[in-house]
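Data first, discussion second: the structure below is written as structure tokens.
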Amino acid sequence: MATLTFFGKLADVMGRERSLALPQAVSTAGALKDYLCAQDSVFAEVSAQSALRIAVNDVLADDAVAIRDEDEIAFMPPFSGG
Amino acid sequence: MIDLLSDDFDPAARLSAFTASVDGAGAIASFVGLVRDQSADARVRRLRLDYHPTLTRASIEAAAQAAARRWGLRDILVLHRVGDVQAGAPIVLAATAADHRRAAFEACDHLMDYLKTQAPFWKLEITDQGERWIEPRAQDYKDAARWRA
Amino acid sequence: MIDLLSDDFDPAARLSAFTASVDGAGAIASFVGLVRDQSADARVRRLRLDYHPTLTRASIEAAAQAAARRWGLRDILVLHRVGDVQAGAPIVLAATAADHRRAAFEACDHLMDYLKTQAPFWKLEITDQGERWIEPRAQDYKDAARWRA
Amino acid sequence: MATLTFFGKLADVMGRERSLALPQAVSTAGALKDYLCAQDSVFAEVSAQSALRIAVNDVLADDAVAIRDEDEIAFMPPFSGG
């Protein structure tokens, strides 16, 4: 099982953490994002509003990065600190 | 020193300790950000700062180290609140110590631009009209782009 | 508030009071200048700051008012030592309070450039090798020229 | 008598304050500066090193500003604070 975590407004709609057995076809961070968009219209809506950042095992990653079960994948709306 | 704080802090006391710890620096620039009580159209009660349990601190540390190299800083202090921050309370303190004032100013200015747009924080504004997640303004991204080497 | 101080002061305490007095500001930028203990070729014991009995304060007040208008500041604090200042001690504190960080940063940066080259002060550096009057570096004049509107 | 005041390194060589009955021909700040240069080689030397600023009665003035007895005229080397 992969661990999916969500931050900011994504945490409001998805909860902080979910477990997911990655489907066979979902082998990259980008593919997982597309999968979640297809599964969940609220996730798709937030994703459409602004580019999500992804971290795989606490490292910022682009859509092409490979993922597998056991990974922790974080989905993050645009950063806004300070 | 980089720290994420769950509770209110006293920027002046922290800045005082920082200044005392930096021996021989000629210039200390600092910035304190406070939660404003007015947003565009509502009275702000507080902000809620979400953050990533490991990535947020690691990102700020990497940015601070890069700034220290780029501007030849003697030391850096970044304190950033997480959790609920009441209107009027400090949300961030950034301070830089250098031999000369331009390095201190530019590095501090840069760190604040970084924190606004590139550090993993998310701000929920809680007002008397409801709540909304805040994203950086176009100007914030423009400010951050000034520092591309 | 503008003040010339004949004795050592605590920048953190003064900054704390300033911050507390500025209600509703979202951004406070500040700069502390300390006497460095090394000059080019000698160990600095202290600086002696000469000033004009009326013109110095009046000039800084005029510059602060102009900065307040230009950047829409809520308040300004400038404290500057006169007389003898030991190595390691604070010589100047400039702080600006604004709604947003860019105004606070730029105004503070500008005020420091102003103080370096356009405020009537004269610095005598007293070292283990003797004394010399310091004039601004070419870079200081270049920094100050950035702000011509 | 006009009051002449000197600051920074000028105070080292001229003292802080002098009284002077302005000669007939000395009717502007610039003329007074030239007069002092002619009278005092150390003043002339400092003046040659870097442009002096002048204030008349606590107001910054250029060389063309008229002066008279009773005025207080300040001679100031380049400013250096902060």
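Labels for the chains are A, B, C and D, by order of writing; each one numbers its residues from 1.
The definition used in the following text is that a contact is a pair of C-beta atoms (placed from the backbone, for glycine too) under 8 Å apart; a residue touches a chain by one contact, two chains touch by 3 or more.
These figures come from a predicted structure and were not determined experimentally.
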{"item": "Approximate Å spacing (C-alpha centroids) for the pair chain B, chain D", "value": "49"}
{"item": "Centre distance in Å when chain A and chain B are each reduced to the mean of their C-alpha atoms", "value": "26"}
{"item": "Chain centre separation in whole Å, for chain C relative to chain B (CA means)", "value": "23"}
{"item": "Multi-chain contact sites of chain D, meaning residues that touch two or more partners", "value": "82"}
{"item": "For chain B, residues contacting two or more additional chains", "value": "33, 101, 112, 116"}
{"item": "Contact graph of the chains (line, ring, star, complete, other)", "value": "line"}
{"item": "Chain-chain contacts as defined at top", "value": "A-B, B-C, C-D"}
{"item": "Touching residues on chain C, where the partner in the complex is chain B", "value": "10-13, 15-16, 19, 23-38, 88, 99, 101-102, 104-105, 108-109, 112, 116, 139, 143"}
{"item": "Chain C residues within the chain D interface of the complex", "value": "33, 49-52, 54-55, 58-59, 80, 91-92, 112, 115-124, 133-136"}
{"item": "Sites on chain D touched by chain C in the complex", "value": "5, 7-9, 11-12, 50, 53, 55, 58-60, 74, 76-82"}
